[in-house]
Amino acid sequence: MNFDREFFNLGYLDRLSYKDTIIHNIDARVKVIGAIAYIIAVLSFPKYAVIPLIPFFSFQIFSIIIGEIPISFIIKRIFVVSPFILFIAIFNPFFDRNTAFYLFNIPISYGILSFFSILIKFVLTVSIIIILISTTSFSGLCYAMRCFKVPEIFVNQLLFMYRYIFVLAEEAMRMVRAKELRSFNKKGLELKFYVKLAGNLLIRSLNRAERIYYAMLSRGYNGNMPYNKRKKLGFPDLLFILIILIMIYFFRFLEPVNSMGRFILRLIR
Amino acid sequence: MHMADALISPAVGVGFWALSLGGIAYSAKKLKDNIEEKMIPIMGILGAFVFAAQMINFTIPATGSSGHLGGGMLLSIILGPYAGFVVMASILTVQALFFADGGLLALGCNIWNLGFYTSFIAYPLIYKPLIKHNKFVFLATLISAVIGLQLGAFSVVLQTYFSGISELPFKTFLLLMQPIHLLIGIVEGVVTYGIVKYVTMSKPEILEHSLGNYSGKVDGTFIKKIVIGFLILTIITGGILSWFASSNPDGLEWSIEKVYGKPELPEKEHTLTNILKSVQEKISIFPDYTFKKDESKDAEAGEEKYPNIDLGTTLSGVFGAFIVLSLTFLTGFILKTIKKKRPS
Amino acid sequence: MSHHIVKFENVTFIYPDGTSALKGISFTINHGESVGVVGANGSGKTTLLMHLNGYLLPTSGTIKIGDLILNKKTRIEIRKKVGVVFQNPDDQLFMPTVYEDVAFGPINMGLDEHSVDFKVRNALEIVGCYDLKNKPPHHLSGGQKRAVAIASVISMDPDILAMDEPSSNLDPKSRRALINLLKSFKHTKIIASHDLDMILDVCERCIVIKDGVVVADGPSNIILSDQKLLEENNLELPLILQRR
């Protein structure tokens, strides 16, 4: 069932993010900036760019090896979210049929090029997010947001939400299981049962919010959420972001790949 | 439907990031001025609730397909528009990060599409006036859920179109998206109404406690300044665009010409690229790799001219990419072995 | 040592929906005492605990904690004196990491960074969970969650510890560890529970409530061996006293 899979994923990613590797120990702020710069660089390529995108996979390869992230997990995740993008991208070859070049006498259209360009951009951006989240704890990310001046209320309730997703998802799972046990072979949840189930869960959640508020009050809550002091960026963090930004710049604007390939080809000849 | 990173241009992504962050900042300010301290845990828990409820699929009667809750309308009804918008934004953030649903750059678009219209248009302009005398509650929920999602879907089409990545014609895409979201909106409205009714029937005091008491009213000036302005702009331009798209195949180009004064869409990312490029040219340490070949590639920005693709370059590109990737592999493994050997 | 006294005088409480949960409860708890509050489901135990730090205020009657009479103004002060540990640790551990959670109270009390750190460390070491300080709560086992929940309260240095069902959902080993931990505390303790064996082990005094009134109050070993009294209140003899 869909539910179990999503729930499992959430817990799995969460656990990955608490590993102890070089990448995990880099400051969250630095990783967030790196990821955003990476995504913008990838998406700023012209719509027919395919080959110049490929070097960008090096970030993934590097983090997967160093950050100890199972590659199968990333691939599965990409497949799960791919339908929408495929649905949109598949139209490009049909609407854009001008021939770009001939590959062994087979005409390759611009639509096909842009189709592959979208797919590669998709894989690159999705996987970099998975890598970011599986090497950075959620509270680390929220800490980074706070440093980037994201409004306090947003960050605070984001932390609350993340904390209780696990609790409520488990509660929901128990309710779904109990329902499934009693509904025998019927597939899926009927709308009216769903409404009751969700309504029940909502009541329980609001009751829980009440109890949490009570717990907060009894520990002196006065409307402000305390949070950690700001840490200074260390040398490894600065080195990391410097390398990342230089690499992104290099791959985006200098296309070193072409010249390197030309050089090797010349050597071979 | 979540917008994906790969379908938007950086300009569209950054623009909607700015809009959404502005919305969050404004809501946060409003909340800070008005709410009780209790609101923060309630918002957090309700976010977690919607998240959990979204994970459960249900079968849609008479269609055989399955759907899930969106939750935007539900959150606005329970928490009021400001808190509802902030919570919806945080749900989308967690989805973008953990389920790779959407993307980081597209997150701004998604918050706007799925949060803004429901919280700041459908809820205050349709739901609130309709339920004034506690009549038409079902109708109010249904219509506002449908309108919220229709606007969201329309917004997805606009963002895709203006990004220029997908070749899908505007009209086709519109005809694909709006009807699907009509169905999704109806289901969303029915489910939202059902849940709210169930809760008010079995535990009326619970909702009374949180229902709009903290932040129920949308500030009139906010609507006037931002919402209505944006709404009118979207509906007029959108309406004209789609009307011409349907009545006259060339109408779309015509109206874009009217709006922008030239036949092509403005491509902001290219100006950004150009600036970066000129900076790059000045500081470049590899004068050999000037942008001559790149420029020819970029000159295609207009619709007519396509880039010339030279097979030789492509071949060397493939080669180079292979080398770069192998180098990364090597560095990665070396670093890893060093780390393993180091006693820790 | 009058400031550690808990005194209930004819306390009644009626919920907004009209349910009358406490119907005139009176008792006095002295400094250093540990008292078990037992009773069937719905007898008013939890409502009673919610009065201890002023989350609920009595409809009539007075509650005195130390020198302070509980009312809207004093309850902030009283919350520093009475630490409440809730039945479900998930409701109590709401911060992203164990450390931040235990630090929540001390920071709200306005302590400086250094003393906060000291208090957190101290509290976590007492419950044996200092190693867990950087973990998020959802990675902890049931027993660990309970221990951290207790630490999050004792980091505020309360004079009085009040607990609602502290041993529920614990495996036997964690339960034993908890009992030993509770015994080691010198605080005044008020424990509401169905776990009569634990009450017998930890508390020298026991109060039985039924339908919002006190029906018995005395030494635990006498009350908890009174089979007739216990059965009238939907309870049964502690296992350790049951002869087979």
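Order as written gives the chain letters A, B and C; numbering starts at 1 within each chain.
By definition in this document, a contact is a pair of C-beta atoms (placed from the backbone, for glycine too) under 8 Å apart; a residue touches a chain by one contact, two chains touch by 3 or more.
Quick caveat: nothing in here was measured; it's all calculated off a predicted structure.
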Self-check item: Pair exhibiting more inter-chain C-beta contacts, A-C or A-B
Solution: A-B
Quiz item: Closest chain to the protein CA centroid?
Solution: A
Quiz item: Once you find the CA centre of subunit B and the CA centre of subunit C, what distance in Å lies between them?
Solution: 48
Practice problem: Report the inter-chain centroid distance for subunit A and subunit C in whole angstrom, where each centroid is the mean of the CA atoms. | Solution: 43
Quiz item: If you average the CA atoms of subunit A and of subunit B, how many Å lie between those two points?
Solution: 16
Practice problem: For subunit C, jot down the residues that touch at least 2 other chains. | Solution: 94
Quiz prompt | Multi-partner residues of subunit B (at least 2 other chains) | solution = 41
Quiz item: Which subunit A residues sit where two or more other chains touch them?
Solution: 138, 159-160, 162-164, 167, 208, 212, 216, 221-222
Quiz prompt | Partner subunit B, residues of subunit A touching it in the complex | solution = 1-3, 6-7, 9-10, 13, 21-22, 35-36, 39-40, 43-44, 46-49, 51-52, 54-55, 57-58, 61-62, 64-66, 77-78, 80-81, 84-85, 88-89, 91-92, 94-96, 98, 100-101, 103, 110-111, 113-114, 118-119, 121-122, 125-126, 129-130, 132-133, 138, 141, 150-154, 156-165, 167-169, 171-172, 176, 187-203, 205-209, 212-213, 216, 221-223, 225, 253-262, 264-265
Exercise. Could you pull out which subunit C residues touch subunit A in their complex?
Key: 50, 53, 55, 76, 79-80, 82-84, 86, 88, 90-92, 94-97, 100, 103-105, 107-109, 113, 135-139, 152-153, 156
Practice problem: In the complex, go through subunit A and note every residue touching subunit C. | Solution: 14-15, 18, 137-139, 142, 159-160, 162-164, 166-167, 208, 211-212, 214-222, 226-229
Self-check item: subunit A-facing residues of subunit B, complex
Solution: 1-2, 4-10, 13-14, 21, 24-25, 28-29, 31-32, 37-38, 40-49, 51-53, 55-61, 66, 69, 86-87, 89-91, 93-94, 96-101, 103-105, 160, 164-169, 172, 187, 190-191, 194-195, 198-199, 202-203, 206-207, 209-210, 269, 272-273, 276-277, 280, 284, 286, 288-289, 294, 297-298, 300-301, 306-307, 309-311, 313-325, 327-329, 331-333, 335-336, 339
